[in-house]
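For reference, the structure I am asking about is given below.
Each chain carries a letter (A, B, C and D) given by its place in the written order, and its residues are counted from 1.
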């Protein structure tokens, strides 16, 4: 029904991923990093859905994996935020560049 | 369960050990009771073997065979015959007694019970395996498994010089077992097709020179364990420094592994070499008997005296083995059993006294017979058993040994008889110094033996008395196998 | 039909553009709360895209799980640490430039690959319908093992998160 | 079989008493312990006496069961009641029971009363087993257990240092003989292939000496005789018996006078066929017996402890019996063994009664006890007369038999020595009697009183035996006893000789008279004689210095050897082990130096180099997560670019 080319969707997801990656690499706030990671995961999900339709696999496969990714994303967020809270409580900061105990 | 009875016997202690590992450190009561229950269950399994074991047959029974490492034709091969059955039974018995002994003793020593009982049960598995393995490779592994827990048990829970004693024990035995390993490999590469299977190896014929060399290698391994005269110096140190229950295991069971090795491997595999070395073994046995006796006489440390008496008594086992005839073998095997029970009991008694007085200096005691009448009675009982009083098991075994050795060499037997006299001397001298005479006021408040300690000793006494009064019950299990062994060695029964 | 198709097409591109813009917002906004809101918007947009791809179930999951659950949690966390996400503090670190350059290179490379690859599929396929039933069947048959593993991971993460976030006993 | 199997009960009943007493005596039975022991002993009597009389009438009992497999045969344990064992059995049950009754009074109030009776019951059990055993191994087992009981009972008052030493000495000394005995038995087994008395007798009667030469059998006989030397306190192992008097007096009577020490003589009688098969061993037996008899009597002349005098007298009399056996006088020796058991037990019990009444043991503190302790005194004097050999008491008949054997078999020297011994016996016994019971009380602190009836009645019981038991072996009954024994084993017999009897009576009466003259009339003579024969007196008083000699030449070297070997063990053997260890440590030290300066030098250089490189590379480690992520990303990027061949 829809008639946009696959390339366009892929380029879109690439851009989304790039934006997410930029955020992950540059945001100081750890929650910000987590949010950015969500973006990247979503970009990957879009790709999964699209690729499933472009190959000979049954189209459900891609969506099933997308569901798995979503579940893992939830896990990431849950554990990540728990770490953030623990970190905040112990060090009074949630800036990634201020936590560098393992520095040389 | 009965189809793999021997495996169950061997590995039940190990299962118990791992159950202990899962328990929290502080659950002292649980740890103790589970350890005790494990030894009891193992003993129960050994008792299960009685109806299954056909005493009148000489071959291996209840055999379990499985390929283990096919590349080298190494098998998991367990089996029991009239030689190993008494030893397995002895192990189960002594383990329970030692475990009961540990209940009081290790608590006194302060903590780390979990590790202690874990190692203890591991040790039991090793000993059981040693007595049941019929594959040389498997045998070697169990042999070494025994070494490691023993090292830690002496090294951690021992007396003031425990590190020295533990290292000495470990190095000594390890050196011996290395020679044995070389011997095992030599046998393996000398067999065609290559195998570690003892039942197959026994039917092969080797050249005399080869036999002699390999026999010597095995001899070193076993001789250190027994211990035979020049290799015995680890024994007093290890016995004295080890905690009481471990001394009991050491003297009661571990020493027998050496002489068991002779009967199980050296003799059937190298009968010609055994005959060639017969005089040497006899001489070493007699030296051990007299030498151990004299040195025991000079001791002022109770435990050391018992330790040296072990050297002397194990000399009788060797003498019986050296006789290489029916009576000698029977005496030797019976002596292995009865020495296990008697010396085990004596070490327990040393422990009882040490726990109360915190000294083992014989000259420091005196007149305890008045304060501790029950203890005195039991100590006298075990001493008499040890010096071979008729009616107790030590007499029957020494008598059979002497009867056997007399048919081999009159001179050696005559000299060994001095050992009997020496045993009476040092044991009675010990009794005189501990129990008789005036009471040293320092000990006027020593309590008599308690029920827990009594429970470790009474079963041993029952066995000593039972065998002494009617030795046929146990000898009937041993004789067919020993006669079979003698036949394979080409001797007349 | 033509018009409808065109409208749908335009809608799709608009959706994509919107999502990208919100995504930029997520990354660029100083106020973390705002960027979280942007993320929510972007996620909803992506859910719309799923609908467009005829992945209705996934869209529903996206809305329910992401927007409903995950976003709530994130916003809670933001609020708990609020005073640090104020406007005055610098929200980006010093490696913006190398990051940007690297990402630009990545985009170039991948885009080139995408454009060079001859995608074998007709555009029709993108719109092919997938049934919820099919997904369910796949989850319970072929992918039942990963499914179970995921649930175990979820449980573990749940417990782990609780333990990590729990206030230490003052013992 | 019914009559046969009750015989197993004879030793088992006292054993049951032992078990009950040792386990429950101290706590539950207390003074009733004695009754248990006495009752089982009486029960044993009731079973044993009919058996004995049946045997006296010509019956014979045997039964056995398999005990142990030896070689390719079976060792069977069981009993054999033949004339020899029946006579011993007769003596043991009666004397044993009477002594236990006496002991229940004597030991009254002792804190370890039940323990005492447990030991005594065990002893009775062992002694009865020994008497009726049918083979050497069972015999040896019972023999050793008797030794144990002796040890335990000598050391009964173990708080006394002297008792502790005495029991140690007794056990070890007898053990020395026992080891010889065991070797002898083993040799016998090697020669004849059996331990069974009947089979041995049968084989030897047929002249079958086994495969080995006769000299081997002779050696075996000598070794077996070692057991006798130890147990029956023969020279040179007699030193333990006087010390054994540290035990309670009933024990001295039962074990160290009547039964256990006689077991050694019984051993020779039991293995008499062996000695007969190798007659060249007989002189050894005779010599040992003769030396013992004379030497002990000589020592007894000067002793002052009432029990020690009796102990030396026992040794002397045992020497008598052994001498008799050595001259093939089986009947004579056994006869004396039986009669001696009765009157010597009586003497000891009398002495015990005296000690009980006066609480002293030194005869120099006694005196004039006849009036205060009439029962004791009369019975004691009767027993002394029997021992001295005054007709018609039992001692006269049995001693006369031995003298007759010596005289008739041509051992003239032995005859005169024995006669002299008999004279000395009469002398020292009446020295004891006169000093103890007559004259004035020497020590005012001693307040003597007669013992209770439970103690005096057994005395009278034993008097019966001491008086009457000589008859069955006397010419009055035509040596019935000797002929009864001879049924079993052939041995020479002699016609009674008036000369021997006269000599014997003269010696006895002479000894008594001399003792009377010296100790009743002219007490100062004793002093002057002692002064006149100073060396002899001191030799006798110090027991031939044997204890000192043993201590110096045997015990000390023995313990010293132990010390030396221990030092050898610690220094040389252990030292060599430690030396190997030390050598290994030295090698270790050398290797250590090499390690430190050569191997380590290289290693350190590598370390420095690494540090230097590290100072450059470590900058990467910023501790900043996103930094790592960036680097990872860039690396990934580079990988992709390279992989896609874009460069």
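A few remarks follow.
Here is the rule we go by: a contact is a pair of C-beta atoms (placed from the backbone, for glycine too) under 8 Å apart; a residue touches a chain by one contact, two chains touch by 3 or more.
In this text the structure is predicted, and so the values were computed from the model without any measurement.
Put simply, the chain closest to the centre of the protein, by Cα centroids, is B. Looking at A-D alongside B-D, one finds more C-beta pairs in contact between the chains of B-D. With each centre defined as the average position of its C-alpha atoms, the distance from subunit A to subunit D rounds to 99 Å. Separating the CA-averaged centres of subunit B and subunit D is a span of 32 Å. Computed centre separation for the pair subunit B/subunit C is 73 angstrom, with centres defined by C-alpha atoms.
We define each chain's centre as the mean of its Cα atoms; on that basis subunit A and subunit C are separated by 6 Å.
Across the assembly, subunit D contributes 626, 630, 633 as residues in contact with two or more other chains.
Residue positions of subunit A with contacts to 2 or more other chains are 21, 25-26, 96-97.
By the definition given earlier, chain contacts exist for A-C, A-D, B-D, C-D. Subunit C meets subunit D in the complex at residues 93, 95, 98-99, 102, 105-106, 109-110, 112-113.
If you check the complex, the residues on subunit A that touch subunit D are 21, 24-26, 33, 96-97, 99-104.
Note for the complex: subunit C touches subunit A at residues 5, 8-9, 12-13, 16, 19-20, 23-24, 26-27, 32, 35-36, 39, 42-43, 46, 49-50, 52-55, 57-58, 61-62, 65-66, 69-70, 73-74, 76-78, 80-81, 84-85, 89-93, 95-96, 99-100, 103, 106-107, 110-111, 114-115, 119-121, 123, 125-128, 130-131, 134-135, 137-139, 143, 146-147, 150, 153-154, 157-158, 160-162, 164-165, 167. Of all residues in subunit D, only 22, 26, 66-72, 112, 115, 137, 140-145, 148, 151-152, 155, 158-159, 161, 163-165, 167-168, 171-172, 175-176, 179, 182-183, 186-187, 189-190, 558-559, 561-563, 565-566, 569, 573-574, 577, 581 touch subunit B in the complex they form. Partner subunit C is touched in their complex by these residues of subunit D: 626-627, 630, 633-634, 637, 640-641, 644, 646.
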